[in-house]
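The structure that follows is given in the form of structure tokens.
In order of appearance the chains are A, B, C and D, and numbering begins at 1 in each one.
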């Protein structure tokens, strides 16, 4: 089993005719993801990699009622509009790859998605992959392998690094969720932990955090307060980051005394989460907790 | 992006928040004239973006225009916590009965704007949150609804004011929220909000942080997007890299923010001192990599360069060509450690080996090598 | 409250919706000058609020300023469906390739704004909804979110336009929504929205209905809140009654809108002809009741007055005093049927009986009596 | 049993110090309604009819955590704000008596209430009464009597008229809901029918409609499509109303060819609802349907 995406996932690509959109449509298709439609306003009638393009999501859904997921590659100035469109079209899952969306806009559409019962992954994220079943994202598929460990991460390449190390060590993944590096993500660590909790196919969870905000601390509180049954191991990036500086991601900033790595690591360890010093240590920590 | 105090005060004024009269000047003579024009006691305030300018001598009370002149002279051109003072504000000294606190921030954990109000302003709000949290009222605003009068009434009530001032505090709260919303702020703060003996409210200091992602909506500020960056940070930003300066000697260059931080951290864990954070992002081509490597080659404190690339959409051959290009064009030679993995790994390795640069396959090993070359702490 | 076409067009203009050039005049001479100034063929349009002015001769095409003069002369001061024409619009005649329809309304059943678009405008939208519903696109907008670009793109696409005009239609949709939102409209409609041979879009007609409850926000219109009412309706509205004129002879006066309608209906069901709807609301005092009764006493067509009061917060003694006061002050005597029930019923009855007005206890019986006095249809 | 209000109802009166607010506070108290608190900004610390007054709803709720219901008498310009305050304070039921609230404001707070799971009755309504248990409204209590027929109505005095006729005929009421005369009410006929459907204490429903909108037609569709089990009798006011004229209530207007009484009556009769010609006929219709 997996969470969020699986062999039943049917995808519409918003912004499919753009450089990124078309490139990753090809990559997803070749991974085996079922992409039924693309959307670019004004480009209705075209095809990209054999996928029919529509002017709007509503039309795509009318033509392909099996659609349940959208992935958005629309440039940041138009991305919010694309998200509202996908929510109103009744999709269940929206993966927002786009980086650079103003946080005031994100706050609003994340709230709007919530009241409409829609799950948003991102923005500014690599997407979601359930190895061997479906990839709705931009990650290199070959570093992942099918297995029983879930990953949830605020980062992209660091996740590939860790997934790759796990794969090499023979530890496969159920689903890997890149929740993105923005300050207000549609899906939080706690949301992801809850999904993995319900999933029969996940035995343990790798949590990849970084500086900024208090999502790791809240996850730690959640783990201890809810008596989380599955082992969690973690890595937190940014212990050498200075305060007040944005480290690449819009959300990766220590500000107003909140969000440094040391305190995140401390809180996670206090609730019994094994935290790796180096990304390469994740596989051995997993073996340790899974043996128990 | 942080705004200067005078920029924030100009915005506050436009949105109906009362600020003490002020002028911004860049010469001592202008400071004297401004002080004369404003009359009475004035405050001379260095316009810098770093925090804590008060303790660093950047805020002075002047009884006469001559004093204003001499304080301005002291400040202008000096450095406060590493930041050069280019402008000072001359502003009317306000009689303060009590200092209050009012701000609107984005609460990341709930994904909503939050109004913070305290009857005890003037101090650092983080400090207050630690020592007397019961003195801070936090009101969550639904981002789809925005501020309502009742939020403002609640905030104002918490400030412990007389009937007469209460209404002004409500208006200030609404207006501050309007600033927050209009300018897509991460933070809009009045600290202190001064209660004057006649029951007035004056924003004695003003702080606004804009969301860099929304900057394009505000052309009046977007041209100055490198204002709070060092020279190298600004150069990198113009090239669309994320770059942050640290004090070590091992330059770090990676693709992806998380991997870059993890690489810095690995160097540190293994005993070394990272010199920077430099993320070239996803899918960078050779020319971009070349510019990034050049930046690190030219940076004086950087002795070793550690390049750690996990190729996905980024192609290793493009990275290799960029590295080689930078070395050839600058003619600078520094110790370079390269770890390349992923898309077109073989081609990349070949290009580097032809130029006598040897690739290490594992990240830990590469980090260890960088520390070995750069020296342990 | 309905706006005149010229008021709506002024608003459209301000919000970036293109309207053909126009002038509003109130004399034939001004009409001639306006036609000269605008040049070419013009349309002379009577500015009235009733629907269907075109068929009633209120819209004429004039080839010359002289023609404009004579049409204006015909229209000004005349009545169209009972409404006096005080102003006419002189507007440039537009070459129309196709007529489109665009409006924003409040959909009561879902409690949200709805965008309606049709490639076949010019006709009555209700007519179109009946005959060719597939030609109307209906887009629901979440009231907490407002219009999004994608709504406008969907609406524009449905209008079957060329690439070039598509963008204009999107803008028109967004701008029309802005009008709707800014003026708290019940309806903002462009019908027809003319597609011109050069691919332009022009709002050839314009209709806005404001929400009476929101009128206080728009002082430019709120002073004229009785504009679409008859004399008696206007008088009643100034006194804060709800009053609507019908063609019968039995005047109706009640407390509460539902009860008033039910009373009218009862009179009708029992064979009579109600003359009006007059609701004095809840808790009316004697002086208010007196004014309401006076209104009916003075109304020429009203032969019988049927007062039906179910006292809750309204006190029957106050009502009785009001009735007696009106009769005494006006000196007019008409047949009056009173049904009083509820708070202070006894006191009320006594006051009336002292003045020889007899109260009937049951509503049906009272309605029957009123019909008997007024005569059956 | 009853719906919406009962002996567990604990009320805060918003706008308690105003003329209407204080008058009806007294009337509700003397009916036996449990009013624990009042709110008027700036009047905190006062008492009205022995009820303590607070500056805001949040404070009232903090002091009286049993509060679950608000009744709003605030003037129309400030009423929306009062509704948002009550929603955010976590109350379950909000009765908005205020007349004259702009419909653009109502649309928004009704939607906001919905996404927060809060029930709104009104605006521009007489409120709700469960005879003998609780009255949260402005209706004269004595015309009602305890019994097993539910009433839902768009009108005020007309409802009292009909309730009075029922009471005289010995037919008591479970709950009487005045949903109000505005075009966008917080609770619709269908919502009320659903509540009565679930209520063991209600055997039949009286629906009192009027011209304007299509709420009666939708109720009729709901009754036939859902196979509504309880008998419904109706009265629709306004068959003599001319089109295009507002009959007192903001919502009572026949516009764009929609909302006349004749077609409402027709549609209701088509689905088997007995519709009275005169208000006085409701009791006999009820006896007829209840005997079956």
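We take it that contacts are C-beta pairs under 8 Å (C-beta built on N, C-alpha and C of every residue); 3 or more make two chains touch, one makes a residue touch a chain.
Because the structure is a prediction, the values reported are computed rather than measured.
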Item checked: chain B and chain C, separation of their C-alpha mean positions in angstrom -> 57
Notebook entry, point to check: Distance-wise, how many Å sit between the C-alpha centres of chain A and chain B, to the nearest whole number?
Noted result: 27
Next item on the list: Could you please state the distance in Å, as a whole number, between where the Cα atoms of chain A are centred and where those of chain D are centred?
Entry: 46
Note to self: Where in chain B do residues touch at least two different other chains?
What the structure shows: 142, 144-145
Next item on the list: Could you check chain D for residues that touch two or more other chains and list them?
Entry: 108, 112
Check: Looking at which chains touch which, would you call it a line, ring, star, complete or other?
Finding: other
Next item on the list: Give the pairs of chains that touch; include all such pairs.
Entry: A-B, A-C, B-C, B-D, C-D
Check: Can you name the residues of chain B that touch chain C in the complex?
Finding: 144-145
Next item on the list: Flag every residue of chain A that touches chain C in the complex, lowest number first.
Entry: 41-42, 55-58, 78, 81-82, 84-85, 88, 108, 112
Checklist line | List of chain D residues in touch with chain C within their complex | finding: 23, 76-77, 100-108, 110-112, 138-140, 143, 153-161, 164, 181, 183-184, 208, 210-215, 218, 235, 237-242, 245-252, 256-257, 261, 277-280
Notebook entry, point to check: If you look only at chain C, which of its residues touch chain D in the complex?
Noted result: 106, 108-109, 111-113, 125-126, 142-144, 181, 184, 186, 211-214, 216-217, 242, 244, 246, 254-262, 264-269, 274, 277, 279, 282, 310-313, 341-343, 362-364
Checklist line | Contact set on chain B toward chain D in their complex | finding: 142, 144-145, 148-150, 153-154, 157, 163, 166
